[in-house]
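Next up: some structures, all given as structure tokens.
There are two complexes below, and they share chain A, which is joined by chain B in the first and by chain C in the second.
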Partner chain A sequence: MTPPVSTPVLSEPIDPAALPRFDRADGPDKVTGSGRYTADLTLTGMLHAAFVYAEHSHARLLSVDTSVARSMPGVMSVLTADDVPDVRYTHGTADRRLFAKDAVRYDGDVVAAVAATTLEKARAAADAVVVEYEPLPTVTDLEAALADGSPLVHPEWQSYDAADGVERSGNVASFSSIAKGDAHAAMADAEHVVSGRYVADASHATPIEPRGVVAQWEGGKVTIWSSTQVPFAARAGVCQTLELPTNKVRVIVPHLGGGFGGKCGFHYEAHVAALAQAAGRPVRLVFTRREEFLAPDRRREGMIVDLTTGLRSDGTIVARTAKVLLDGGAYMADGEFFPQMAAMHVAGPYKMDHCHIEASLVYTNRQPSGSVRAPTAPQGCWAVETHTDELAAALDMDPVAFRKLNAVDEGDEGCVGQIYNKIGLQDCIDAAVAAVTPEGDLGEHESIGVAIGWWPSFPGASGAIVRLDDDGQGQIVTGAQENGTGSVMTLRQLAADELGLAPQDFQIVYQDTAAAPFDGGSSGSQTLINNGRAVVAAAGRVADQLKELAAAELEASVDDIVLADGAAHVAGTPTKSVTIAELAAAAGGGALLVASGSEDPPEYPELDTEGGRIACIGDQGVAGWAGPQFSCHAVHVRVDPDTGVVRVLNIGAAHDSGTIINPLAALGQIEGGIMMGIGQALTEITHYDEAGNQLNAGLLEYKLQTAADTPNVKVVFIEPGADGVGPRGAKGLAEAPNVATAAAINNAITKVIGTPVRSLPMTAERVWAASMGVDEGSQP
Partner chain B sequence: MSFAIATTLDQALAAIADGARPIAGGSDLVVGARHGKAPLPESLVAIDRIAELAEIKAGGDVTRIGAVVNHARLMTDPTVVGNYTALADAAALVGSPATRNVGTLGGNIMNGSPAMDTGAPLVVMGAQVELQSTGGTRTLSIAHLWDAPGSNTAAAGELCTAVLLPPPGDRCGSAYVRLEYRRAMEIAVVGAAAAVVLDEAGAIVNARVALAAVAPTIIEVDGIEDLVAGRALDDDGRAAVADAASSQASPISDMRASDAYRRHTVGVMARRALDAAVRRALGEEIAVPVNRALGIGAA
Partner chain C sequence: MTIDMNNASAVTLRVNGTDYPMLLETERNLLGAIRDEVGLTGTKEGCDDCECGACMVLVDGQPVNSCSYLAVQAQGREITTIEGLADGQQLSELQAAILEAGGVQCGFCTPGMLMSATALLDRNPSPTREEIKVGLGGNLCRCTGYGRILDAVERAVTIR
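Let's look at the complex of A and B:
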């Protein structure tokens, strides 16, 4: 393998200008506007789709009359639950149908779908569908939802198929606990006990591109163009709900305009495919911004966290108990692991001999929650890291010193029985604090807050094909999905390094389930670690082919052939060489230079649960972490005490995400994750009415951060050199920067106003109210 | 639906007399239609290419700002920045660079949103609005232009052609500040403008304060001069102005803020606007907009 061209220093605040250039293959298309997104596609005879959504957030569905809609001019198909196979889907618990059948459970439930010759006709026909409802009491309060006698969102939950280990009862869609030692006895013996309640509102992924789907049938097969982050999961959903074999469904993703988790999972591909089949013509669905806010089952979950921690006077954490309620919304989506993941985040990356944490994902009549970038982590981290500063304050300890004392390091055991290998958390704390500490004094009403976070890596199955054509130019055919992070684009670098070529010598064929082997999609920060493994393996096999050809051509041993700078040469004798283009031309008339790679993914660590010392109920496999990532964010803020407005001035962010393969792309992920974190921290409040309907489903009132709000960000990468699960020792990356920001901001606010804010987001009004002593953490 | 482009004022007035709605930047009309607020009118006449509506004329006993002067120009024009600074402060906070390059002063005031940024500055600076129709021209005090949220008192057939401001005097200063949650694409949570005239000793001769987003229309705070005139601005004066603004406000609760929070913060904004106006009148250079220069709101 050829090493990277230059080795930039990443262990000090990074100067982006000093980093190696990264030529993104998709860059010119996106920057010039020549790139095509799903909504840009037009097919001959194409129809336009519109949905009929539920008019109540909870109601019995008595009748759906489509007769008027069907007779309207230009209307080519109208579908309801009666027109598709009666299949309930969703892996964790099969609690959902494509179209609502007996009941509607949130305002984004789809009751019917229409395809017509124009969008206006489709919408008019959707408006003409007459639906009769019997309203039912709504469930929106997480604590009331668990009480005896609460109305049930899914009264028939016991009849649903569920995955192994999903613990359910009533409105609890999934329950998990982490129990280690004897937390209650240890708490009773603790010298100091601190309790707090922390309440996080729901928030949204809010990709720039609202989702689109185009479907076309030909010869009994359907091709679906979809703005999905996970084309293979989308295909699986279509196959399950329309009862089709995988080889009759092809999902292609044109350029994707962001996702942030919001476009993970299977969404509307089957609706559009079914409309196209019924109409006998291609159909296109493009969401409005309002639909993008309200309908998808990928809202970031609201959360109530009650935390109690016992301490020794020397600052050591001896026990932690916690209860976490997560607003799951009306359907499971992919939330079955949320309680266990939330429990891990509420425990935090701390040494702890005794803990007992219970977490419940609660069904409500709100939009379903699902994986948005680092699901459960920013809220859980915000709660526990706000709590951590309260712990330090109770002992009059410096919060940074408190963290350094209690945070896990090499050889330590955290809340579950995982012994951590060499990790960079302690170095992250030092580096982040140093990056943001000014030389002089802080200004008036300014302070610095610190928080640490963690997040796993997710090894999984993934495949790719690498080939060199007869001119020596390469193609990478990959199942991986580019979500804007640059991870698929970085595959060129990996292949090029294996083959002694330049990244620009490769084109990437991607985002097409019919062309490439399986990949898990842009989900769980897994693309580069898993598909990178596949590409390195495939390119390595092509490299072996080249070396054999070169050895014959140069009359040398295969073991002595080196691939570099576009040629194969004999080690120690650079003049004895043949270009890769020449070898490729020869192979083009023979065996062809093509290979696939997949390889078994690295295994997840086993937890030491010997003797019942550790007991996890509702285990969803997210307690033992492969390639654990660690981070520390130190945030310098200014608070306007008269209004509660918080301005983030500077952030130091230090991350252990293993070996950084592409520093410039990695830097972009840290900066973007921080901006998403600031929005979640300060402005991205979701307003609901009493029935659970979102009121601010638009970009004016759902306030994302803008480019003008961006603070100075200094990034440091700590590369401890162990526990990597991807090429060159890489771990995941893109979710980790979205973990600690909000927590660090609260700890900075606390220093200015004298009290933490107990509701997330910490809007200006909430900060002001907290400073006046009237914020108690309101229900999400 | 019909769409005409007028190149002269007479063409525009004739079209409007026939029932056309004027459109310049379209940043309210088109965005509103897309959000389902109101459908686009059946008949539109574009007025953005009428040269005389895009002029800023100073000198003599009135300064005239044409109705289609956009916000990007208001925030940089030397006459506006130098003499009517509160208006420049306000224009600089509107939307984004794209919004400011299409959105016009006439459009902002005729749209009549109680949260508009340019309205409070124009009130404290004593602006008149010029309305023209095929029947003639009239002017009215800008405070009489608004009668309800999203509504104005212009008659059918009348077009706002200019905003008229009194000539600048010595030792004058003005400022507009607003509460905002982010630095771009934001709408005022509350806002306040102040304009002052000082004597040679620095005592306040004349002071006015107006408020945005705390009543059905922009409102002027009564009795400001009684609170601060005759002496240099002091802490008692600042506090009294804040109290007056808070007590005269009649805010609503909505997604952006509760009524109590609006009532409190509009006092803070009024105090800060007055403070910045006095500092400018004393000759201090505070860059446009005050929000960014002094770190107010999301600055």
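Let's look at the complex of A and C:
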């Protein structure tokens, strides 16, 4: 794929009112209440499911007695580990079963499941399951977990199947390192050395829709409606754990009420399918908000980052060393690549010849961590960018000038030896700062902080089918998953442009594993770059069919046919044309207008690890970044010195996410990512007891930002016109805005109170304590 | 939903101008009655705790979290849900404006958000942006960061 090359333009902040309207195909469903989400589905004879969760965060499971539960009126099926195939799953390391078998390892481990005629009866029966435990010592301290003699979360870890490249040992679920040059020798020669420790607590994806699953068997085939972001991965999990071939399992996603990574992976589809099979009736599971907090293996990981950076007096970075511990929780989920990703983030988008970073994902007896919007990035960025302001301060340098000096630009080599093409990071810094700088003076206790971030794009396999029916109206049949971002909705625009039609001429059949080819789902910001490629290819093939029909009809050369405005025209002869509807009607009696697209994804850049200069770049496949995205957030805050309450007033956000195909939808991603970033920065904290049990599993105690907290946000898109991996030079987008906000907020707070806050989130108590010279500490 | 007849009362709920007679346990919440008995699923459950606002409906024009409002209390009152905002196929100004402004993403908060915004404009036809922020302060949205939704309410005000 050749991205279009254009001259970079330092754009002005977007004026939302001036953007072209984005006509969402799912818009009318969503504003009238007619759109159906999973919990809205009811099938005849449908039962309701309830789970029995572990009563200890770590215990041997001695016995599970379901006899009373099974005998209760209305109870139609009760399942434990004995009732399903004995299969361990998760692709990184197969460390988990559907139902806990010999041991429970966190407070959301599922021990048993019940299906009954009403939800109340299901819950009563779940309460009647008697489980005998023998409590075991718990692992909750990341550093103690690595010590010799620590209890192990998985004593039998060596017997588990693991993917290639997952480096494991005891409570270390996955280890990665970056080793370039000789960091220790270079550090010894540095003119200034700055060290710091930064500790982040765990947080949550918190989609407003709690998850739901409905399953129904017909013969030997099961249809599962699930609020998943990744229907094909969910299908794979069902197939693996219930030992079924892919074509016996159909996963359909009704409208999805947000995910943010929290609904990635395979969750409870197999539990519900197994209940439905055992009961011979359809079954529906809908989580309470408390379950949504406690159970899924998708929590944003807590993190401890120890960073040391050596500097020359001219302000350049000589060397960086870092040690990162990530709280992986009780099971691997999809966390195997987290150490390498965290290492990339604490290295940051900076030029450096010497670095040595070690990162470990650590098993604990807490809820498993898994991909939440830009996993490891907001915490890693918060650590390294807080550190970066400390570096600038050590040299008495302006922190923006320090970043401009050290940040990578075209032709520069980053921490793992990747040499970047034309990228927009330097322009992002200028644009974000300009967008937030006031004309006059800042108010009392106010300041502006700046941080930069980065995030990859993820090329991958994806497919789609495009067809025009005999009235010239189109269908896009795609495996892609719409979680709200509008990326699937934007596929209409791509198909329409290929075929000379309007987006409104297309309907989209999506998120159904039986109808459409594979797609990776709404994960990794990958939909538009990968499924967009597939749709453009498929629509291009239909366009070729149309051009051949038109050429015959108009007695012209195929090469002269242009599709535009709903018709096929002969180039240079505007009077000769035929409508696409007419061509489609003719095709309806012969070779139909239908084509599929997939195409090989763009390749990841090869990194040169020969010769020993770069000894290690990690081994989990996310070192060389295809379509790297860059961002800068500049945040204007006010700090109440008496209470520590931080108010975010204005944000300038500049992003290089390649070519922006749908500006209004893109703006929505930036604004939404920033607001999530503010929550993670200031209020979103997860509390645990000493044994690892979650203490604040509710929206009253876990505080999201509200409309009343909304700052003024100015967004600038920098489109450098190279290095994109999707249609028209697009890169990924939706995770990148959830990287730099918390870091920029800390750098603003620091200027007001005179010291950085070393714990994330930077709650009012912690800000106030930091201003008083006390480190309140964190939990990971 | 099976009704516990020992604890049920005959209730008529008037929803979007239509009367729905039903038997309800006294402890049933209005949200459950609307979704399971009336059969209108546009009103969403996000927390069952009055924290997210996804279940917001209007009772005699006042926005209430229907998860924490007893269904029997709503008898004799005028209940309006998201399904009652449009006039046939004609979207309300707020429904149209939230689409035009890009204020809809996953859509799960949208019904509750539109009910709160409707109540706000009914009592204050030309709110300032700060008043809109406060008026929507009981409705959580995780997708949009609120900016496009606030713009939508301002847009609806100017259309009126």
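Note that in this section the second predicted complex is superposed on the first by the 765 of 780 C-alpha atoms of A that agree within 3 Å, B and C clash if a C-alpha of one lies under 4 Å from a C-alpha of the other, contacts with A are read in each partner's own complex, and residues count from 1 in each chain.
The rule we apply is simple: a residue touches a chain if its C-beta (ideal position, glycine included) is under 8 Å from a C-beta of that chain, and two chains touch if they have at least 3 such contacts.
Note that the structure is predicted; figures quoted are calculated from it, not measured.
By the touch criterion defined above, A:683 lies against chain B but remains apart from chain C after alignment on the C-alpha atoms of chain A.
In the superposition on chain A, A:668 makes contact with chain C only, not with chain B.
The wider contact with chain A, measured as residues touched, comes from C rather than the other of chain B and chain C.
Shared-chain residue A:36: touches chain C; no touch with chain B. Within the superposed three-chain model, A:643 lies in touch with chain B and out of touch with chain C [touch as defined at top].
Shared-chain residue A:209: touches chain C; no touch with chain B.
Look at A:708: by the touch rule set out above, it reaches both chain B and chain C. Once the two complexes are overlaid on the shared chain, A:255 sits against chain C while remaining clear of chain B.
In the overlay built on the shared chain, the residue A:266 is in contact with neither chain B nor chain C.
When both complexes are overlaid on chain A, the residue A:24 reaches chain C alone and has no touch with chain B. Shared contact residues of chain A, touching chain B in one structure and chain C in the other: 698-700, 704, 706-708. Residues of chain A touching chain B in their complex: 638, 640, 642-643, 645, 647, 682-683, 687, 695-696, 698-701, 703-709, 763-765, 768-769. By the touch criterion given at the top, residues 35, 96, 179-187, 189, 255-258, 261, 264-265, 268, 295-299 of chain B touch chain A in their complex. Across the complex, chain C meets chain A through its residues 1-2, 35, 40-49, 51-52, 54, 81-83, 85-86, 91, 95, 98-102, 104-111, 114, 132-134, 136-151. Of all residues in chain A, those touching chain C in their complex are 16-17, 19, 21-24, 26-37, 39-40, 74, 117-118, 206-210, 255-260, 288-289, 483-486, 664-665, 667-668, 671-676, 698-700, 704, 706-708, 710, 713.
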